[in-house]
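Just below is one structure, and these are the notes that go with it.
Chains here go by letter, A, B and C, matching the order in which they are written, and residues are numbered from 1 within each.
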Amino acid sequence: MSVALERPAVQERTGRGIRWQRVGLHVFLAGAAILWLAPVLWTLYTSLRPFSDTAKNGYVSLPGALNFENYSQAWTQADLPHYFLNSLIITLPAVFLTLLFAAAVAFVVARLSFRFNVALLIVFMAANLLPQQVILTPLYRLYLRLPLPEFLSDSGLFYDSFIGLIAINVAFQTGFCTFVLSNYMKTIPASLGDAARVDGAGVLRQFFGIVLPLCRPALAALATLEFTWIYNDFLWAVVLVQSGDKRPITSALANLQGAYFTNFNLLAAGAMLAALPTLIVYALLQRHFISGLTLGASKG
Amino acid sequence: MATEIAAAGRVARAKQRATRLTARDRVAVGFMVGIPLVFVVGLVWLPTLASVYLSFTSWDGIGGLDTINWVGTTNYDQIFSIYPPFWPALRHNLIWLAFLAVLPTTFGLLLAYLLDKNIRGTRAYQSVFFLPVVLSLAVVGFIWQLVYAPEQGLINNLLGRTEQGEVINWLGNPDLNLWAVLIAAAWRHAGYIMILYLAGLKSVDPALREAAAIDGASEWYAFRTVVFPALRPINIVVLVVTVIEALRAFDIVFIVNKGRNGLELLSVLVYDNIVGEASRIGYGSALAVILLLISLIPIVTYVAHAFGRES
Amino acid sequence: MSEAERRRLQAAMGAGPRVTRRSLLATGAVGLAAVYGIGCGGDDDDGGGSSGSGGGGKPSGTVSFGSNYSDPVPKKAIHATLDAFTQQSGVKVAMNEVDHNTFQEQINNYLQGTPDDVFTWFAGNRMQFFAERGLVGDISDVWEEVGDQYSEAFKAASTGKDGKQYFMPLYNYAWAVWYRKSVFQQHGWKPAKTWDEFMALLKQIQSEGMTPLAFADKDGWPAMGTFDYVNMRTNGYDFHISLMNGEEAWDSPEVKETFKNYATLLPYSQEAALGRLWQDAAQSVADKKSAMMVIGSGQIGIQFTAGKTPTDDLAGMAFPEINPEHGQDAIEAPIDGHMMAKSPKNEEAAKALLKFLGSAAGQEAYLKTDPNDVATNETAATTKYNSLQKQSAEMISSAKQISQFMDRDTRPDFASTVMIPALQQFIKAPDDIDGLTKNIEQQKKSIFAS
């Protein structure tokens, strides 16, 4: 309280200096931002130009016409709707399960005292930090043996199935979320849990009824990050799925590149379309982003 | 003082009341931890152990487990002595790490610090810098190919060097392409680090900062002596994340040229030997184990630090 | 809530309920055992036999087809061919289309996973490698029906090491030195037959301001074609095949001679080849920026067609002779075709499809849409061949020996993990032939030994 009162005084004292500082700051940030956006803007520009235009004038030229031709072509030629659907089928359940599992483990670790807590956290977090290539072969072999009922996977196995992809993404990503959520849950006053327990609520009730709803900012932030990471995953899909039509959007782009490698305009449109879902998710959940990411700080 | 003693007494009694979990609760906890554990141990840790085992074998990946031959450390010997891409790949991974640690990480910190001040448009700026993180690496690779293409790319055209003989071969010249790709990687990494630091800065006690400001200290001094030390836990996270990203680097390089000719990386070598048509499972697993061992250094460091503090 | 109460509850939380270690371990162990127990108990074989393979009935139902025809022209062609099959037999075809390079890379996993009944592949060692390991189906009975329509060379290329046939050819195409007739006419250049003539031609073209040889090796395999030819011309077909089989030393004087000869071509080739795709190199020939290219008729034909340059303007010269003892006897003409999965779901239909693809009707259907390759079946009609096809067919039929291309003549693991980087290294530093060949030999020993 007393600190806040002194703030205006500080600003007054260096009024003129502050204004120049602010201007410089904005110039720097704006310049950096433009530099940062340049490659993406360039791709966007390329995607809006018809192929005939750039074939004639090259890519670095003023536009003849600008239209969405490439977008509609990419949409149909590359069968993008199908691959989008695949990506969603894989990503949404994976994000949901990852958050559920991570929250469950975080709850146990953060709010229930338990001799195993530290070891558990290590097991989960270290798994997240391994490079994917380290487990490729054994995982592939395992997937070829693990059966799934026919209605869940037409190959009858974890291999070449959506469930298989969902499972490995969940296993791989749970660690990071467990870490963030356990930190976040530690900041929730214990009194709430205690009051519930005194009222006779069991662990599940405390978890679902009290703690989880309070973790909304963290969950929102993690949902954004996880959606991005899982949606953008490339390696698991390439190795663990063999049917061309089950692969997610990242592979569709590779296919498009294979077939139309000289048509940069078409590829640019495809890339922009592929990036759209993650941009939308980020735009929607941005508000909670910073507040939700609790990484463990000096303050309790 | 008296109230505190009384409170302590109440605590003790409360402790006695809220001791055991009900049986139902124990089952619930078992599931809450058990199911995720099955996933992580079954799909990540056991395969990791299997990879370590396979690294001492020679196997072409075809046929049952009985076709696996134990060869001891032969794979490792060969990797270190006669496998041409190995040492370049290791070098490139280290260069990747050094580059990421020095440039985009500090830039990310700078951005975070500046954007933490709640100036106008801070959210817009955050979105711009975070945008590359949200894009898939395949898309990032493609975007930068548009920039670096020899005859049609943005840079060469802006520099006016598009004729045969004058073309700067950003992606094809083994002396240049690593740096070209690193710029693309840094473009992405900076935004990621920025977000991590923004998250960290919000939890630094503002009272500390204002106290330093009031004392008439310059901003740099306040940063150096107050803010940065308070960010220690985040610094560890950032360091670990940077190292892991450097070791994991795969997608961009793979999209550009399958990780050859100057863009060799350990992760790509593993992929080449295991996933490619050529199946040298033992060899590839040995490369994977080398990658794993190098990754364990930051992992163990972080775990020791984070949990050493807690216990 | 008062400060004291809060602290009390906090303390109570800290010393909270204990979950016994045993209950946790039990749950975890049960979970793990369940998962791994199901999986590891014995092999999940496809329970031998496939639906619909009983008796000698008419093929019916659906057959699955794994396709790597991802470039637009071949893709259309294979679709047309499969449609023709469906019309003729009534059997439907379920397509599984994968990007060309990805398909090859994944083949190992693909064959051991759940492969389609019929899938695209290549002849030669690359096929024998998988046949030897029991991953593909024996189609000798199909060969008994169409075998007389093929020359011995094709049959040999489709036979595994155990004498059974595993591969059904569709088309092949000739690798040669291709150039634009009109460009040569315009400059008064003449095709070369011997090495000295060729060198003179290269010098002449370069002095007149055009790049003599288009060259690209970003994908790693195009440079193999030139290597194969230089090797066969310098040391002969037999030596080349022995080398591919791992029976010769790579650091022998013969191979070093090959590399030396190859190196003399580099100053006349497009620079920065390692950053260029073969498609761009072929385009430079179409654009009259480069004069010639050592490439397959299939590839350059596709590129010309895609850029709407007439393939009739393409002329091919056989790779020049280096050692008169070997002349221009050997030709590199890779065969593309199909194989059957080890345990196909619909074996009858799969074999019927393979027979169709190996028959004149099937090949003619394919070549109608993709006129850049030539049929392998001797009875297929060649009257409608365009200029490119005629030249390709002529070169193949007049050759004494046919090789398949390095990445099909040798073990796939050797080709991709050793030779691709080695050739790229050679292109970067053509002076260190001794060091390069020594290293290739070391790696070759370790791979062929396993």
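A few notes on this one:
Basically, contacts are C-beta pairs under 8 Å (C-beta built on N, C-alpha and C of every residue); 3 or more make two chains touch, one makes a residue touch a chain.
All values reported here derive from a predicted model rather than from experimental measurement.
Contacts between chains leave no pair untouched here, as each chain touches all the others. A count of contacting C-beta pairs for A-C and for A-B identifies A-B as the more extensively joined pair. Rounded to a whole number, the gap between the C-alpha centres of chain A and chain C is 37 angstrom. The centroid of the Cα atoms in chain A and the matching centroid in chain B are 14 Å apart. For chain A, residues touching at least two other chains, in rising order: 108, 112, 142, 194, 238-239, 254. Counting partners per residue, chain C has 5, 9, 12, 15-19, 24, 35, 106, 109, 112 as the residues that reach two or more other chains. Looking at chain B, one finds that residues 14, 18, 21, 25, 29, 33, 35, 37, 41-42, 46, 61, 275 touch two or more other chains. By the touch rule above, chain C contacts chain B in their complex via residues 4-5, 7-9, 11-12, 15-20, 23-24, 26-28, 30-32, 35-36, 43, 104-109, 111-112, 130, 133-135, 211, 218-220, 271-276, 289, 411-417, 420-422, 424-425, 428, 439, 442-443, 446-447, 450.
By the touch criterion given at the top, residues 1, 5-6, 9-10, 12-19, 21, 24, 35, 38-40, 44, 70-72, 75, 96-102, 106, 109-110, 112-114, 277, 279-280, 283, 306 of chain C touch chain A in their complex. For chain B in complex with chain C, the touching residues are 3-4, 7-8, 10-11, 14-15, 18-21, 25-27, 29-31, 33-35, 37-38, 41-42, 46, 58, 60-64, 69, 74, 78, 82-85, 150, 164-165, 167, 169, 171-174, 177, 257-258, 260-261, 272-273, 275-280.
Contact residues on chain B toward chain A in their complex (touch as defined above): 14, 17-18, 21-22, 24-25, 28-29, 32-33, 35-37, 39-48, 50-51, 54, 61, 111, 114-115, 117, 119, 123, 125-139, 142-144, 146-147, 149, 152-154, 157-158, 187, 191, 195-196, 198-200, 202-205, 207, 210-211, 213-214, 230-234, 237, 240, 244, 247-248, 250-251, 254-255, 267, 270-271, 274-275, 281, 284-285, 288-289, 291-292, 295, 298-299, 303, 306-307, 310-311. Residues of chain A that touch chain B in their complex: 3, 6-7, 10, 22, 25-26, 28-29, 32-33, 36-37, 39-40, 42-43, 46, 58-60, 101-102, 104-105, 107-108, 112, 118, 120-127, 129-139, 141-142, 167-168, 170-172, 174-175, 178, 194, 197-198, 202-204, 207, 228, 231-232, 234-235, 238-239, 250, 253-254, 257, 264, 267-268, 271, 274-275, 278-279, 282-283, 286, 289-291, 293-299.
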